Every structure is written in C-alpha cells, then in structure tokens.
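Working notes, beginning with the structure itself.
Order of writing sets the chain letters: A, B, C and D. Residues in each chain are counted from 1.
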Amino acid sequence: MTDLGIGLIGYAFMGAAHSQAWRSAPRFFDLPLNPAMNVLCGRNPEAVAAAATKLGWTETETDWRKLLGRDDIQLIDVCTPGDSHAEIAIAALEAGKHVLCEKPLANTVEEAEAMTAAADAAAAKGIRSMVGFTYRRVPAIALARQLVAEGKLGTIRHVRAQYLQDWIADPEAPLSWRLDKEKAGSGALGDIGAHIIDLTQFITGDNIAEVSGQLETFVKERPVAAEHSGLAGTAGSERGPVTVDDAAVFLARFGSGALGVFEATRFATGRKNAIRIEINGSLGSLAFDFEDMNLLHFYDATEDARTAGFRRILATESAHPYVGAWWPPGHLLGYEHGFTHQVVDLVTAIADEADPTPSFADGLRVQRVLAAVEASSTSRQWQEIPE
Amino acid sequence: MTDLGIGLIGYAFMGAAHSQAWRSAPRFFDLPLNPAMNVLCGRNPEAVAAAATKLGWTETETDWRKLLGRDDIQLIDVCTPGDSHAEIAIAALEAGKHVLCEKPLANTVEEAEAMTAAADAAAAKGIRSMVGFTYRRVPAIALARQLVAEGKLGTIRHVRAQYLQDWIADPEAPLSWRLDKEKAGSGALGDIGAHIIDLTQFITGDNIAEVSGQLETFVKERPVAAEHSGLAGTAGSERGPVTVDDAAVFLARFGSGALGVFEATRFATGRKNAIRIEINGSLGSLAFDFEDMNLLHFYDATEDARTAGFRRILATESAHPYVGAWWPPGHLLGYEHGFTHQVVDLVTAIADEADPTPSFADGLRVQRVLAAVEASSTSRQWQEIPE
Amino acid sequence: MTDLGIGLIGYAFMGAAHSQAWRSAPRFFDLPLNPAMNVLCGRNPEAVAAAATKLGWTETETDWRKLLGRDDIQLIDVCTPGDSHAEIAIAALEAGKHVLCEKPLANTVEEAEAMTAAADAAAAKGIRSMVGFTYRRVPAIALARQLVAEGKLGTIRHVRAQYLQDWIADPEAPLSWRLDKEKAGSGALGDIGAHIIDLTQFITGDNIAEVSGQLETFVKERPVAAEHSGLAGTAGSERGPVTVDDAAVFLARFGSGALGVFEATRFATGRKNAIRIEINGSLGSLAFDFEDMNLLHFYDATEDARTAGFRRILATESAHPYVGAWWPPGHLLGYEHGFTHQVVDLVTAIADEADPTPSFADGLRVQRVLAAVEASSTSRQWQEIPE
Amino acid sequence: MTDLGIGLIGYAFMGAAHSQAWRSAPRFFDLPLNPAMNVLCGRNPEAVAAAATKLGWTETETDWRKLLGRDDIQLIDVCTPGDSHAEIAIAALEAGKHVLCEKPLANTVEEAEAMTAAADAAAAKGIRSMVGFTYRRVPAIALARQLVAEGKLGTIRHVRAQYLQDWIADPEAPLSWRLDKEKAGSGALGDIGAHIIDLTQFITGDNIAEVSGQLETFVKERPVAAEHSGLAGTAGSERGPVTVDDAAVFLARFGSGALGVFEATRFATGRKNAIRIEINGSLGSLAFDFEDMNLLHFYDATEDARTAGFRRILATESAHPYVGAWWPPGHLLGYEHGFTHQVVDLVTAIADEADPTPSFADGLRVQRVLAAVEASSTSRQWQEIPE
C-alpha cells in the first residue's frame, strides 16, 4: 500500500490527539493509503525529540518550512496556536502538501480568507485541505446530521447550543497562551464557541445569517504562570492581563429563519466539556451532550402521543456512522475516536481525489460568525454575516 | 347525585392520603356517586377529633364497629395496621358495606384467605371490595400495563423490581409499629415488597409461581421511641428488638417462565422511595422508577437499529390513563394522585355494579408470595406458590 | 378560626388550580385563617354554576364588581386573561379586598405601574396583594433560592433559562385567546417567558438590567376554533392571524454583571413544560428542570475534585421548604402543590399583617423586562430596564 | 528501554482490544519496559497473517507452543476461547513466560485450580500472571474501589449488579462458539456474569460466601451459522442446540453479611452492555452503569439532609485513577481504555517484580462462584463457596 507521509507541527494537547488518530486509524479502518508517522515538528529540539519518542514519530524537525521540502511528507497536520495557522497552511498548500489544520481556522477573517483562497487554488491541482472540527465525527453527531438531512425533523425552528467548561472559573488559574489574544485570537468564543457554530451549521445544513452577541471577561488579571515568567517560584506574585473573553453569548438567526441561542464559557462551574446541542423542528427534535457523547436523543413528533418520547439512542450500533469498525454495541467510544474518524475521512478523500469536509471555506464561515459576534458585542446591535 | 357515605378508619399517613383522595376525586373526575366524607374513626377521642377537623371529616367514632351500623356509611376505608385488617374488613363486608382495605391485605395467608372468602360472599350480594395497591394507578404504571397487554413487549423474559428506601439505615432510628411483627406482620418484605410483587404481576398479567428468598435484619435492636415508652427524654437509653426484616431479596419464576429478581429494603442509603421496575420481553422493554414517577421508558425492539432507543415517555398527555382529568402536558402529577385514581375507579365500579381490581383475591395472591419468600428464607430452598 | 372569604374570578385552567389550592391548603398546613371558598365568578351564568359545583364553590356571581361589595369576601383571586387584570385588581384593592393576581401582572407596563401604585396605597391600609408566580414555591426552586442566598454559589456568572413547550408546534393547532394580542398581551414571551424572568430574578436575588431580544411568530395564520367562530364543523376552513409571538429569545445582563440567556417557546417539539434553569457561580452551580420538578442539581466547587459532582437532590425531605407538611421522603409532589404553597404563604402574610411576595412591584419588574425584550426585538439593539 | 516481547494468541474481538492496548499504553503512560508487539499467533496461517498486518504485529506463528521457545517473547497474552486457557497458560508459565489470560480464567474450577497452582509456582520464580478482568480499570470503577476502601460507604449492606445485553434476544440469531458449552464453558453466566462477580468482589473488598441461583436457556435451538456448517446459503435451514445458559440470576451472601442480587443476561432487549452496580453501605452508596462508563454516582449519607444527593462524578479529572495520562476533564474515555490501563499495570508490576492483580487466584475465586451458581440451579438450594 502506498504511504502517505505525515508531518505534524505541534505536540501539545492536539498533537497528542492527532498522533493517536494517525496511529489508530489503519488498525480499525481499511484505508486506501498508509499514513506514515514520519516527522514531528517543533521549535525546541530537545522537547520535540522527546515528544516524537513518546508519540511515536520517526524523525523530527525544528523548522516547519523544512517539512515542505521533504519528499517523504505529503500531508502537513497543523496543531499550532491560531496565530501561525495561516502562514503555515498557505505555504504548505503552495508547496503541494495536503493540509489538515486545527480549528479555529485562523485568528482573523482576513487570514481565513487568504487560507480559503489558497485551498481553492490548491484544490484545482488536486491538493486537499480540511479544518479540524473533529466533533462532526462523533457518531452521535454524525447520526444527528443524517436524521436532519433525511427530513426527520421537518423545518428547523430552534437551535440551542452551549459549550460549557469551568477550567478557569477559579480566578487564581494562571495565564496561558489560550488567554492571550496575540496567540489565541479569541477566548471562549473562538476556542469552544467555534465548535458549536460549526456543529449547528453542520447538523442543520444551514448557515447563521446574523447575530447579536455579548462577550465578557469576568477575571481581568491572573497570575503569570511560572514557565512564562521564567522565574520559578514567583508565580502568583506577578499578574498579567487576560486579553480574551472568558465567556460569549449570542442570539442567531439562521438563513432558513430558525432561531439560535448560543453560549460558550469557561466559567460554568461543574461543567467540564459539556457541548450541548438541541434542535427543534416541526416534525421532531434532537438533543446531544458531549458529557454523554455516545448518546443521541431523538423525538419523533409524528408518533402516537401515547408512546412518543425522546429516544435515548446509544450510538454504538454498527448501523451508526463509523461504529462498525470498532466494538460491539454498548462498548463506548471516547473523545479521541473523533480524531481517528477525521483522519479516516481525510485519507479516503485524498485517495478518492475528492475534497474533504469541513473545508477551509467551512472554517471561514465559522470565522465570519466569530467576527460578527465580536463586532456585535461592541456595537450592541445585530450584525449580519457576509455570504 | 347520590351520596356514597365513607367511614375511614385510621388517620395517620394512609388516612391523610385517602382523605385527600376522597376530597379531590369529584373535583377533577365525573363520578357517578358523590363520596361523602362522613365519619373518621380512631380509638383516641381527642386525637380523632383533631384529625377529623384537619382532614375534613364531618363526624368521628372511636369504635369501628359503630360504623357498621350507620346508615350514612356505605363504604369502609381501612387504613389501620395489618393486624386488624381481617377482623374489620370481614365484619364490614358482612354488614353490607363496601370495603377499601390498605395493603398488604393481611398479616397472614390465613387471614387473607378468610377475607377473600368474605369478599366473594359479599360480591354475590353486590358488595364490592378492593385492596389498596395504589401504585397500579400511577399513570406511567397503568400505561405500562396497557403496553404489555397490547403485546408490545412480546414474550416476557425478565422482570427486575426493587423497592428501595433508607429511612432506618441509621441504627439509631427508633422502633415503630412498622418494626413490630405483631402489628406489621412483616418488615420491608410485606410493607414495600408487597407493592413490587403486585405491580409486576399486574403489569405482566402473570403470576409468580415459585421463589427463592432471603430475609435479613441488619439492625437487631433499636432505641424505644419516647412515645412508646411513655418516658419523655429517655429515648435512646432503652432498646428493644426489631422483630421484622430490614430487607428481603428473592428470585422468582413467573408462570410463563419469565425470571424475576426482587429486592425490598429500608437500607438503600440515598434511595428514598425508589420503586424500580424493568421488564424485558422478546419485542421490547419497559423501565420505571417512582423517583421519576411521571416517566415510563419504553424500548421497541422492532424499530430500526439506527434510531431505536428507550423512549422517555412523559406520561402527562391526555392520551395517558387518568391524565386527561388533570393538567396540560408536562404539568406533573405526584404521589397522592394514585390514591385519587383509586377512589375514582372504586366509586365507578360500585355504581356500575362491577367488581373492582385489585381484588382481595389479588391481595391474597401477593400474601402467598410473601409467605413463600419467608418460608424459603428459612428452608433455603425454592418454594412454590399455591394457586 | 376566622374565615377568610375568597372570591375567585375565572374557572378555566388557573381557576381549577387555584380551587385545588384553596381546598387543600388547610388540610396539610396549619393556617392562621380559614379560607372559605365562598364565591366563584364568571360571565356565563350556566357555565359558572356548573364550574362552582365541580370545583367546590358555595355561590356564584356573574359580575365581578358584585364581589367587591360582599362582606363575605375578603380576598379576590384574579384568574382571568391579562387584559382585565388591572381593572379588577385595582378596583378590588380600592374596595379593601386582598388580591391574588395571576401572572403576568398585566398586559402593559402602564397597567402594571397603576396596579403597583394601587397595591402600595392598599398596603398602607393593611390590604395585601400578591402576583401568582407560583413556580417560586416548588420546593426545589425555593431550595435553590436558599442556597444562593446563603452564598453557596458565590458570585453568579451565568444564568441560562428556558421555558419550552410544544402545544402549538403543529401549524393546524387552532387559534385561542392565548394567541390573541388583545386578550393575552403577549405570546410565549409573556405567558411563559415571564416565569423564567421572575424565577431567575428570585433565585439570584438580582434583577435584569438590560436585554437584547428577538421575537418570532413561526405560524402566522391558524384555523379559527369552532367555539370562537360559532360555526361548528367549519373549523379549519376559516383562518385567522396569530397576533402574538410563538417564541422569544433574549440575552440579558443582570445588575451584578451576570450574563443571562433566555428562551421561551411553544415550538420545542417533545418538550412539554420544560422550565430549565441553570446558574453558574464562582463557588457552585444549580440546575433545575420542571419536567423533573422534585429534583435540584447542585454542584459545590469547593469540594475535592475527586468526589465533586452535581448532586441530585430529591427535594422531598422534611428539611426542604414546604415538604414537611406532605408525605415521607421520596413521595413526589406535583404541579398543583406550588399553588397550595402560594395560598399558604398568602394567608399567613395576611394574618401576620405582612406584605407577601412576589409583590405587584415584582410583577411590574417582570413586565418591564418583557417590554424591553419587545422593544429590543424591534430596535435590534440592547435595551435597558428602567429601575 | 528494555523490550518486553509480547506474543498474543487469538485475534478476534479480544485480540483487537489487546492489540490497541499494547500499542497505546506507551504513548500515554511512562512504562518501565517497552512492550514489543512481536508475534501474533493463530491456527489459520492466512487469517493470522492478515490480522497481524491489520493489528500491527511484526511476525506470526500458527502453533502457540512455538511462542514458548522464542527468546523474543517474554509475555504470552491469551485471548482464545476458555477451553484452551488452562493448557496454554500453564505451559507458558512453566516455560517462564509472564501470562495475561482473558476471563473467565477457565471453563471449570479444576482447570482454574491447576492454573492458580501454576501461577503460584511461577510467581516464586518471578514469573507474573494476571487475569483480564479489565473493567476493574475503568476509572469510575477504580474510584469506586478507592471510596469503599477509604471507608466512605461504612458497612456494606447491599450489592446489586446486573450485566445486561440483548444480542441474542432474537431467536434467529445464529449459533456461535459462545453458545457452545464445549468451547465457552458457560453462557451469560461465565461470559458476563463473571465480570460482575469480580467487580463487586473487587469494589467491596469482600468475597461471595454463598449463592442461590437459577440458569435459563430461553431459546433452545438456533440456526447454525454458515461459517460453522461450511455450507454457504444453508444458514437457517439447519438448526443446532444452544448448550449454555441465556441468562443467570442469583442471590448472594458476602462474607461480611452483605446481601447481593445478581443478574446476567443476553435477553435484556434494549440494553447493550449495561453493567450496573449499586452498593449501599451504612454511610453511603455508589452506583455505576457501563452505558455511562465515565460516571460514578456517590451518595454521602453523612451530609446535611437538605443538600444530600447522589453526586454525578464525571471521572475524567486528573485526580481520578489513570485519567491524568489522557485528556483534559470532560473529554471522555471509552471501552478500550480499560485494556490500556490493564497493560500499564501489568508491565509496571513485571518491572517492579510485584504480583499484579487480578491474580489467577482472583480468577479462581470467580470460577468457584460460577460453579456454585450452576450447582445451585440444579439443586435448587443455597450453595456455599469453598474458601
């Protein structure tokens, strides 16, 4: 089988998740190409070498540009903070490498537009690109999309979506790059709000047309983390500003007229990674919560009133998307499986010479919603999303 | 409208529940007879007078035999401890009074047999009797019975039922009449185990044929309650024996071959009144928990595997048993509503000259299972239930 | 015991609920005055007579003004549509009658202001008034208020509240007075949105300061109901306009800075009466859903991470508000019990010569939020709530 | 790092799960030895070669005895049906290979005794053995064990455990080796009942002392699967006997006096892999369901009654067993992670020269309970478990 040489840039949380995906995909799925975990890339030579050993990569590079010139690399997997996505992804596409880029696609609409243009140009030459909205590939979510696409919900009336975490609810939680606007571009809105924007657009097959939003930074200063200050033991004494939002809320109107209510926060005490989506249509409803990620709840309003009720679908049947490759019914999948499914679909698209989804254009669409929420938070008015 | 004069004996927990039922039934349901709350009966004249004022009864008696001679009493409602059920109910039936008798029907099989004989004799003269297995009339339970009777579960394979409480899990909880074999006849087995025996026989339409059981008294001595000792302030110093079971577990085989697993306990810490019933048939399953009493969960195994799942039926639709008389969908009913439904069905049966259910024969059937569990606990063998 | 003569105006859904409350309250609670169900009032003499018999009222009137002159009436209970609340309540207060008025307090801010002024004037003379936000008295909700007031949640960051129904999700559901702006004043916003505004302000002890909202009428024309057209059998052929909102969504900022996200809809297919409230504070969180109304979920963020988790509090302990008067733990209460608690607190306040809550001023506060949401929906900007 | 050469025998369901564990463990955990996936063993040369490629093993063997002579194999991982466990495991231990043996340990008590003796003899020479009760290493289960060991539940009163599946509820589901007593030794009892016996003994730290049980084979004949009959297209026409139990129920008494109620079935329609365990102690309770495997519910009876309630612990915190190596809080683990944890603990024990658990003696203990349940089902009496 032909190898598809992978170069992964970044080896923190996302780097580890992507590594497990590249490693696991061919062990459960029949892939048309063999992903070869050839090169891990990072700036610190010792750290990247240790990570490569740990995560199972054959070689390392410290300059991502080197990857672009290597013949054993056909795909660049971008797992860096958002401020470098545009530069890396565009260069990689121009160098003829397929690109998988973590979300959010970029830190600004302008960057995302440039990336999308680069992706379009590359696609014309058979070079593929994909943005890593991995939750689309949780089986229960993929099933939700199927049910809506089959018309089982009728006309969509309501979309309510929350992404709730609490990891910085404590005011003494230290600053990290995710709280720095330069690096991260955005806070809860871009980091986790982006996911529920993408997921609801994906499931409904509809786009958000306008928004009215509000951002908030509840804790405006935090301890500088020791590793940032370079002064061990002084953490806590020095404090720095939080330059991104802690929480974002917004109303939305979808193109079809459906009403949306969105909330993304890192201050929902007791909620750890609660991606909650509920969709009400004229014929039925769906409900999902990532804290019970193997379940999809489905209400069929056409059933007899006496026995109608939300069905607790345990999405672990071979009839469910992706599940047949794994375990028998009732043997649950976890967080990382979505990443494996992402890799499976990407490799398959490359072999099939097809454009995978979510595309950079999908990522740009999310970016425009993020920008509109920010603009609305300032203007205190509804803001339209340009098409 | 013709009055149906009620005489209620007992005014503790059950007396209060029955009073609310008699009072509420005509306000929500169209009854063929008007229940008149004429006489409350209890041995202590001051206490019964106070209770009658509180609970809304017109007159009082201190000797239940007086009720039998009154022309303004057509129905005797027996809410006393189990040791007096047989005597009162038989006398009342012989006096031509309809009888509603709290469960368990009696403290022994012999008493229950005598009561059933009396009920049969009375029925021949148009006098009706009913035993108060009120949970049958929780709408979700009544719906469960309907679904099984319609064949929606196919052949029943498994019955699992638990009645879990924790009110004496604390070893310092004082003795009460419910812990005294003389008064109560039985502990967890007869008090709450009786309910799940009746409910599962009712829902499945099948009877338990044999059992293997085990009783346990975890705490063998307890403080004598102050009001029993008559010595205020000395509670705790004096201790008395617990003469009934704290918990009962048993396996069962139903007549049809279904396997049953039963558990009744007052030591399930954190479970307050968890009546849990789950039934698995060849075509579907049902699950119920009284701590969510408005819900019935129903799995239809004939559905497509992709969308099959337990349906969370909120049994508050007008299509559900009894519900149409109450509130709009989603406006929950509570514990006491089952008692109101019981009264509605009893009064309707009396007017229709029909025998209501559960009959004393149903109560006897439960009593025989209770006795078999006790016998099995001693013999350490399976015990058959006589037909 | 002294009687408190009640005159109830209206005998539909709310009239039935209030009747059950007046009837049940003295049977479970020790009231300082005896509520006497003296007069039921309605315009149609036959219908009101039938209702009085059914609901247990001694006499009837067809003109509510007659009630104001009767010496056997000390309290007017207003259960009419919103367009008559102001006129009746103000006249009753001026006539020296205590008033319990169903929510929303009025159809406009102006009416609500006049009612509040009347209530203030009456209070000075010892005449009491209360608005019927009955859900405040669901034990789990009352417990939620206690926990916040005790500081167990710390600083409140997030409030998310939904009131979800689906009774007109079907476009063929007929017109009723609740869909007529003249009668109802407002649709989902005023009918059910009002409840979650009041509840979140009650639980947090904080007021909404500004909102950005959106109203929607998904189905703009509906069949005229037969009883309205007066032409039996023609329902469906004639159609009329829906003049109120089907759904309302809004963002809110509370006075303390907490962010709110609200949604009220009659189009949430499969959700019957889902009042969902979740509150995240710096020290803990609360979650409630009326479809499981006996439960409160409480997360204590100060607990050890290893055993921290949302506690499923079954609010049926005698330690919980109102519960001690009812049944043992685990024996659930239902929808109507909140009305009984409302009556208990109102009668107690009258006897204690204290002003009960929620006051008309509380009702006015809700009305101002409703008006601001409507204004915002038109202006497409944030709207402040006047103090 | 020193390699630990692995030879895996069997490559069906369990073989795939073990392969993923060996592959993933060093990528997330710091192991003291490097597991080398050297040899996959199976009888069919083509099939085992294909499986080795798929699952990532370097070489293959078709005779498991060959593995015992190879210097590059230090550990034999036994994933064959139960009838070959004893022969393979004993030979491997005698050959000086560490052994990981799938559960149930054996098909008979006699085999299990011989295996335990071999394990004891091997342990004296530093050779380690472990039986694959992998569910012990689900983080929520490991946490449950910790809480009981710390005394948080006080004296254990009740154990209720169910393992519910439905994969052969359909009478037309074909025969497989799991329904053949020769191969599998037992049906639901040994296959899944073994898990809940081990888990409850593990969590409570106590052993079952006696049982009263009942086995049932609801469907006594089934279609012979095509691959067994060797005659494609004739499946369905030929039928063969089911020689194992479809379901097993039993009561148990633990050594400490706690009462147990157990149920294992493949006929619980709608339940896919529901391992449900609930334990009630004098100070608290625990509840677990594998269909929500990341959750543990914990009730602390020493808390104030007003805020006590089962805590929904999302066992994804770094404070929870095994979790720190994986993802941030709220990012769920799945079925296969327990296998990875098993391998981690086994490799660590080997490096530490310690005996891992569950030992073969633990497996023998389970086997004795299984045998007692079978004996009791025949004798219809309680059966003691020999120590």
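Here is the rule we go by: a contact is a pair of C-beta atoms (placed from the backbone, for glycine too) under 8 Å apart; a residue touches a chain by one contact, two chains touch by 3 or more.
Per UniProt, the chains are A, B, C, D = Putative dehydrogenase.
The structure presented is a predicted model; accordingly, all values stated were derived computationally and were not measured.
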In terms of C-beta pairs in contact, which of A-D and A-B ranks higher? A-D
Can you tell me which chain lies farthest from chain D, using the average of the Cα atoms as each chain's centre? C
Separation of chain A from chain B, taking each centre as the mean of its C-alpha atoms, in whole Å: 54
Suppose each chain is reduced to the average of its Cα coordinates; what separation in Å results between chain A and chain C? 41
Using Cα averages as centroids, what's the distance between chain A and chain D in whole Å? 35
Can you tell me which residues of chain A touch two or more of the remaining chains? 271, 308-310, 314, 317
Which positions of chain A touch chain B when the two form their complex? 143, 147, 297-298, 300, 304-314, 317-320
Complex contacts: residues of chain C adjacent to chain B: 13, 16-17, 19-20, 23-24, 26-28, 54-56, 165, 167, 271-274, 290-294, 314, 316-317, 327-337
So in the complex, the part of chain B that touches chain D is made up of which residues? 157-158, 160, 162, 164, 166, 169, 171, 212-214, 216, 218, 247, 249-251, 253, 257, 259, 261, 263, 265, 267-271, 278, 280-285, 299, 301, 308-310, 380-382
